[in-house]
């Protein structure tokens, strides 16, 4: 069944960069003390993510630390997002959309796996701007 | 041709061919004239096929599966939610909770919002024309809590007494106003928007039983500004076991869950649980997946026909039906003749019990309903024991009204009245 | 050939041809291997056709209609009840209440029998392996009443600790014992009959969650002597939105109703209502008519195949599956290897999260489930986050087990473990 | 549509005897005082029947009186049943089955109309022997 479309999709989904981040997560471990902290679950599959941030007086992210468990997609997403936001300001991060995260991951995702990928962004956004802000970003 | 007399808007003959039940004979040589649409409507091929297609091609449980069947089933189930959201113009798809029907929707509200908000002595204001499903749940809660149930009276012409409604709202604080949009017996279309505005001015929360409204006219819950609105899928071309509770998001968020189980939780431990986000908090367990998808297909069918065209055409049918029925000697119309009203004609016949009318009509191929139509208090209020009801949908024709009238004359002959 | 290896009892290839979903390719060139039967089973043509036939030929509301369509719909709906009654050998068809599924059945019991019988400090004894649907309803009631929820622990081999169960029953008075007949994660088949006997000796009422039992083995509620037993239609070839609550007649008679509305009343006035007789007291509103009739057709299909033959064949499949899975390096079986157990194989793979296993398997056409399977407390108790579950039904084959194992090796390769 | 099968069925259902009993009910009116009294409803259609009996010391029915409302079938059934039991003993009536009542009516009935026909027997049996006895007469 070598090179069916699905085989390719799957190979794409688990491309090297994703597997590398999943196996060697960057910024792993919870920061104590920290300025921002939030934890959430994906109720449907049990993924969990605990994110901690240090923010300097100018609003810049100076440290990222996270911990959690979940599939390769959710772990890689947390790892890559953490790298992405380090050094950015809280204002800059606001502009970050679901699409930009998915672009960063660069892999094809079905709706149910989308939830795995987006857990890290959800935790980040709710942690920084509150639940309402995240809700508003939802489509209908 | 009904399709022409409706101003060319509705090709009724063409639409009828979409409904398998309507193609058949009721008895050998006797075509079916289905006039029991307020009880449940027939289903077009599109709805039946959509459900069969789910079972034949992508049947799977939703929300939790990673495999392709579950992905497809989840997408179809959630797409149905969006279709329903657009159909009643809800603000968010999270405000659409799938239920088994109107009855479950009202019980969900009474047992969650009601238990959280209604206490001893609180007033729940209903109307004298309510269906049992909007009376008994409040009586059940009242037995627990000691509520005071009030009923806005109806006038002699079958309309709600709006003066009395205003007075009841002012006399004492009212916590909840619950009323039917369109009566399944009288056909009365209540002034929903005004009632909601008055109720809100008085500080009450409003639940609208739209079981007989959503199938027949275009509904906009944001324009209405109702807090809760419930309806049944099976009365609008959809499958049995389907229905919707619409609730304003802030209200649904604040409500405790009703049933516990899978899908409605975000975390469970031996000691306690946390609830999932809307609407899942209110959809415990494996939902009625094929039914929700089938209801979505029904709404798409209705959208293609056009709710405005349906409403216009039904007004024509009911006007003709009332005109023909008033000609029958000894026939007493329970449905008031003033417009606007729903596509329901309810009557009694002097000297013949409603069941016997229905029985004779059945022999003539005409399916109507006889009894109290789940509105015993209304019948008691009207001093009637049982009534006969012919109820129409957009696939009915003026010729079918003639069959109804012919059947009534046959009943009079059988009973020599 | 599986049909031969089962001693000629089951013609699996022939049976498979009754199931449209099983005929299709999952991806182009890749056949579907459906191993998510504990979540929901596929439906044979007979079930799909029975429901379509209802919608095409005699769709009508039940119980109240005098016209022929309603007579036929009512007869079919009530015949389904009798079919279900015989299937589990209930004493009366009045003991069969149609529900949406297992979850609704348990909530019905917790919110009616529970509210009427459980008070502050009362003990409800569940087990550590329960599905959320048999935990959360009791937590919800406990939040209202202050119950004490106890959980019979499981042993290291995945069986219930019967010693502990006995002790828990003796330590303090237990009002309700609720347990699953067959675990949807471990596959454990509990000693239901003995547990019920012990619980009754201790004076407790017993509710059995038979969602994973009724589809797979012959059940006799009178022999079991359980007080309540619940199951879902969609896990036994039936439609979504169907299920059954069995309750002993005397218990059901004594229970207050749950939802209020049409059909569940005998009289309604503005002030109060009287309840209808069993089982209608618990079936408020228009029921899920097509679904009940479809479930009846599913049971008739199962009866034709034979529950004993199904059980025997599944034992063979699961034994083979466990044997093959234990060969895989790095695979940890959560399902204990001791027999008897249900047709469920749950496992984890070292170095690969269960979701990723499921994803890779899906690419190979194999549909399994990954996650906590609505049993988070059990997973916490086992120290596991998520597991992968392959669950079988009588239409699965030994060859499909081989596909599963091949897919697992492919996942190991993708993840280089 | 003169003589279809249904036309015949319907003519059978509303044969002269039934219509006569429905229009001129025998033993109509409630007895005061009375020895046996029971009232029941058909919840699905709203039919109601109130039955009163006088029974002499030997257990013989000496007077029947009933009142209620409902369709021609339920009214005729009450009227015919009342005539039938007058003069019989409570013991003799116990043997009376649903089938014997339906035979007495002598008309074809669909399941839902059966309930109309049987309401009189239900009221009689529960009034004389209690609810349990009636329940036992139910099939599965």
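In order of appearance the chains are A, B, C and D, and numbering begins at 1 in each one.
Quick note on the criterion: contacts are C-beta pairs under 8 Å (C-beta built on N, C-alpha and C of every residue); 3 or more make two chains touch, one makes a residue touch a chain.
Every value quoted in this text rests on a predicted model; they were computed, and no experiment measured them.
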item: Of all other chains, the one whose Cα centre sits farthest from chain B; value: A
item: Chain pair with the higher count of C-beta pairs in contact (A-C, A-B); value: A-C
item: Chain centre separation (chain C, chain D; CA means) in Å; value: 44
item: Distance between the centres, which are taken as Cα means, of chain C and chain A, whole angstrom; value: 36
item: Chain A and chain D: spacing of chain centres that average the CA atoms, whole Å; value: 74
item: Sequence positions of chain A contacting 2 or more other chains; value: 44-45, 113
item: Overlap residues in chain B, where contacts from two or more other chains coincide; value: 27, 64-66, 68, 70, 265, 267, 355, 359, 362, 370-371, 376
item: Contacting residues of chain D [partner chain B, same complex]; value: 1, 4-7, 9-11, 13-14, 19, 44-48, 69-73, 75, 113, 116
item: Chain B-facing residues of chain A, complex; value: 41, 43-45, 110-113, 138, 140
item: Chain B to chain D touching residues, read off their complex; value: 27-30, 352-356, 359-360, 362-364, 370-372, 376, 379, 385-386, 414-416
item: In the complex with chain B, residue positions of chain C that touch it; value: 20-21, 24, 26-27, 32, 34, 36, 39-40, 42-43, 47-48, 51-52, 55-61, 64-70, 100-104, 106-107, 110-111, 128, 131-133, 135-140, 149, 151, 232, 234, 239-242, 256-265, 267-270, 272-273, 284-291, 355, 358-359, 361-362, 366-371, 374, 376-377, 380
item: Chain D contact footprint on chain C (complex, rising order); value: 63-66, 68, 70-71, 74-75, 82, 85, 92-93, 265-267, 276, 280
